[in-house]
Amino acid sequence: MTSSPISRFPVPSRDQLDPRLRERYADVEERSGFLPNVFGALAWRPAEAEAFFALHDALMDKETPGLSKADRELVVVATSAANDCLYCVVAHGAIARIRARDPYLADQVAVDWRKAPLSDRVHAVLDVAVRLALRPAEVTAADLSTLRGHGLTEDDVWDVGAIVSLFALSNRLAHWAAIPPNEEFFLLGRLPRD
Amino acid sequence: MTSSPISRFPVPSRDQLDPRLRERYADVEERSGFLPNVFGALAWRPAEAEAFFALHDALMDKETPGLSKADRELVVVATSAANDCLYCVVAHGAIARIRARDPYLADQVAVDWRKAPLSDRVHAVLDVAVRLALRPAEVTAADLSTLRGHGLTEDDVWDVGAIVSLFALSNRLAHWAAIPPNEEFFLLGRLPRD
Amino acid sequence: MTSSPISRFPVPSRDQLDPRLRERYADVEERSGFLPNVFGALAWRPAEAEAFFALHDALMDKETPGLSKADRELVVVATSAANDCLYCVVAHGAIARIRARDPYLADQVAVDWRKAPLSDRVHAVLDVAVRLALRPAEVTAADLSTLRGHGLTEDDVWDVGAIVSLFALSNRLAHWAAIPPNEEFFLLGRLPRD
Amino acid sequence: MTSSPISRFPVPSRDQLDPRLRERYADVEERSGFLPNVFGALAWRPAEAEAFFALHDALMDKETPGLSKADRELVVVATSAANDCLYCVVAHGAIARIRARDPYLADQVAVDWRKAPLSDRVHAVLDVAVRLALRPAEVTAADLSTLRGHGLTEDDVWDVGAIVSLFALSNRLAHWAAIPPNEEFFLLGRLPRD
Amino acid sequence: MTSSPISRFPVPSRDQLDPRLRERYADVEERSGFLPNVFGALAWRPAEAEAFFALHDALMDKETPGLSKADRELVVVATSAANDCLYCVVAHGAIARIRARDPYLADQVAVDWRKAPLSDRVHAVLDVAVRLALRPAEVTAADLSTLRGHGLTEDDVWDVGAIVSLFALSNRLAHWAAIPPNEEFFLLGRLPRD
Amino acid sequence: MTSSPISRFPVPSRDQLDPRLRERYADVEERSGFLPNVFGALAWRPAEAEAFFALHDALMDKETPGLSKADRELVVVATSAANDCLYCVVAHGAIARIRARDPYLADQVAVDWRKAPLSDRVHAVLDVAVRLALRPAEVTAADLSTLRGHGLTEDDVWDVGAIVSLFALSNRLAHWAAIPPNEEFFLLGRLPRD
């Protein structure tokens, strides 16, 4: 783990962790091999941390025919890139590489989602997602219908909007606290079998 | 309450409410005299609703010397106006009028916060808040120092960023679901003693 | 009337008023119960004031099937909001509420005209009006044809463009002189019968 | 005079001219050798034409130490170029060449006022003028003070804002009606002694 | 030739010229009657100057049914105006006037190409050219097909993109070095037979 | 090498290569182990390819105290990211990782150069470079002085502007031809010793 600060705000040490967070953090660290910096950076505000992770899990840990886990990560990558958020582009880029079993797609989506090799469905999802991220008033009822036309259910459509919204929050908080991605994320999913 | 739909997504009737939300919603309705539409629109997703209200309460129900409840509402009004979010401008404009005991300030901030009659401190808060809302990568460490120079504590500074971030989420979800403000909000706080 | 200054430039007292303006100002004040600040702020330049009011009356005091007085006020509200002009949003919002006999529509149009409950005709008018206000070179002959397709006459179409143009002037002058709306405007048209 | 249409709206022939305009138009034509198209395009709306010319004359036909006639034309050229208005750039570019006795300055200001060979005073005027034209809410009291610091009187400062405002109107009307500049304007002031 | 500096960087005198450039420069000066300032400004970097002129000649000195020399100059004028580049607008505006044998078209394209009197083909070319200049990621395969639909060959289509690209370079270098157009360019092609 | 097309335009096979390019291409391929796609995509236009590589080599293959090879690559990465150019971000990101011997810096600069761990000198270089890439008219003489104040020589300062300019060209051509980065680039420089 990097030794430079992971936040502009106080970061509790592991034994100062609020009891509500302790188990979850230990669990994440065990599964991933490291604790993503956003966990550390949110820890001084346990109620906010809990709520943030609840939103994350409700929206991201879900695999549906209309919106796979990999698709959801690409929504995060595309909109976080639109917001110039290093933490989210690198961390969720890594997860997207793993979920999509593709070492290139996350970078392609981060830099130029329009020309990325995507299905029409995912291209339509990213089109409206990036619009909602950058110019939310320009999203119309017709945009939601387009997504339904590509096979997204009502739940999937809500999820697209809610994921963009959650990372509108997350990107700004990461900018505000200057949270860097863990070094591990940069390489994850780039090699044949990691 | 208006009879037109309050969301593009399903809205459970009061007796279909998830038990986790039932008491809170009854409570809000009793205190306010009506249930703000955002409660109804989020109800079909109870876990997300709970997390959203937890974030809201952690950040908005707090009065500090550096950032009063009224100031927090003005952050919401200014950034929601920058995002063209009718629900948040009207609902939080009403709360801002009540909290600030000023029938004009919310409209002044919503349309042109730069020329609104604000203290230097609140003007500085809104300046960086609107920047974080619209061009988050342009916020610098120097911006946070400026806020500390105006007397905000470390907690207050975090709260500014976290409030902007929460309403970056909220504004986009309100656009996505097309949630209208309740009619009651339009007039609240405009008359001498309501 | 507010006791804070109504302009960054000199404001003649009522008895210093240029004779050309005196009668009109007395008349307006009698009808409205107060003198809108823009009258006071323009008074030190009588020729400009006269010309401005002539343009205003030629374009705004006209009721046609294709463009009612209420519609004209909504054009002012939508484009003035796009220009962040507090004076025009609040003053013409009040007039729009009265003309449209609707206490909500002006705020809906000011914050997010795209989702406001408008006829297709008025929605099309505001669409091209806001474009003309913000990116005038992008308005095409096809835009004017669209308005004719919604039943606007040639005179109505001219009026849409001329109203947007007049308030492009008015918004900038109000910003330049920092003219605040009179407090009376904030509440006008919000209560059942005022 | 060009034979292509000078407006998307009706253009009265000279003998159909409203009596209020007839003498002025004959006079302009005699002095200039041709009738600028904006006169023809406005003629079907005599009250608006009169008011427009009154504003024009009140603001443009004035020579002060702080803001010469040539300076005023440069304000028009710079802001009209920012609005992509061909009529105003070409017509007022011609007048600026004549007033400033400089065959290059108008083109320099139209394309890149920042690097044009201007005095510090005129550079400061154009800086705030272009801001008022494009992002009016960002103009502050400090901007007006800066102009006073360059020797502009209170009247001159008002005039800067009012000229920008008038041409915010004029540019949009010229786009709306698609008024082309007369061919004569393109060459005026470019040759040693015309 | 103007006596003010033609670059912010060193400008070799004619007898200091690199041998690779000497003949070309003498040749240009003889044909044109003056040496365009961009030649002088690039001379201190002979390898870059040679490469730049090679690209220029490969793309601009070509007359095809789908993209005439005049059309190519209009691409330069429109995109250079979008980049506020005085040198390229004035110098290539002059060449465009000569190539198109039209004293007005270059100014029309520079200020408002959308309403310029162009064929549908050239209008389509400028539409995608200006997009590529300003928002390159928004250009799609469909845009290139549109150009083919207007009769451009594969070579012509490449040339459109390559010309825009070359002047994206040229505009920025002219801004960086502050290269002014030679005074001769301002008048070229404006008089009946020059 | 990828089997999907490397350009929207014809790509000569190796034995069809223009003699001027053949040796260089063989040489590059031998040194790198693969032929970067931009070489293939430019090959059908040998004169342009030659000139492009001449510009590249003149500006990028130079190590000075004020602007190292690694710094030059970071200028390319930052401005290409601002232009959403996948080819240049990925290819020059790889070279930057190798030149800077840092597996993280290129991604940090591509997504959010403002918060990347850079020296004040390189931060100042990227600040003006990105401005020149996106809003070239806003670059001033003072910006160039700032760079000199950070120790850049006159040659270094020119190089900053010329590199930005060259990749303004390159980014647009890569978008126009839809040139994908070779897969090899994605991983280069990310592992301890490659």
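In order of appearance the chains are A, B, C, D, E and F, and numbering begins at 1 in each one.
Please note the rule applied: contacts are C-beta pairs under 8 Å (C-beta built on N, C-alpha and C of every residue); 3 or more make two chains touch, one makes a residue touch a chain.
Just so you know, these numbers come straight off a predicted model, no measurement behind them.
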Seminar exercise, completed: Sorted by label, the chains bordering both subunit B and subunit E are A, C, D, F
Problem set entry | Fitted rotation between subunit C and its twin subunit D in degrees, CA, nearest 5 | 180
Seminar exercise, completed: Here the gap between subunit A and subunit C, centre to centre from mean Cα coordinates and rounded to Å, is 44
Exercise. Quick one: subunit E and subunit F, Cα centre-to-centre, how many Å?
Worked result: 24
Problem set entry | Overlap residues in subunit E, where contacts from two or more other chains coincide | 84-85, 112, 115, 137, 175, 178
Exercise. Touch graph of the chains shown: is it line, ring, star, complete or other?
Worked result: other
For this session: Go ahead and list every pair of chains that touch.
Result: A-B, A-C, A-E, A-F, B-C, B-D, B-F, C-D, C-E, D-E, D-F, E-F
Exercise. Quick one: in the complex, what on subunit D touches subunit C?
Worked result: 8-10, 45, 47-48, 50-52, 54-55, 58-59, 83-85, 132-133, 136-137, 139, 141, 144, 154, 157-158, 161-162, 164-166, 168-173, 175-178
Seminar exercise, completed: The residues of subunit B that touch subunit F in their complex are 137-138, 140
Exercise. Inside the complex, what are the residues of subunit E that reach subunit D?
Worked result: 4, 81, 84-86, 89-90, 103-104, 107-108, 110-112, 115, 117, 175, 178, 183, 186-187, 190-191
Problem set entry | Sites on subunit E touched by subunit C in the complex | 112, 114-115
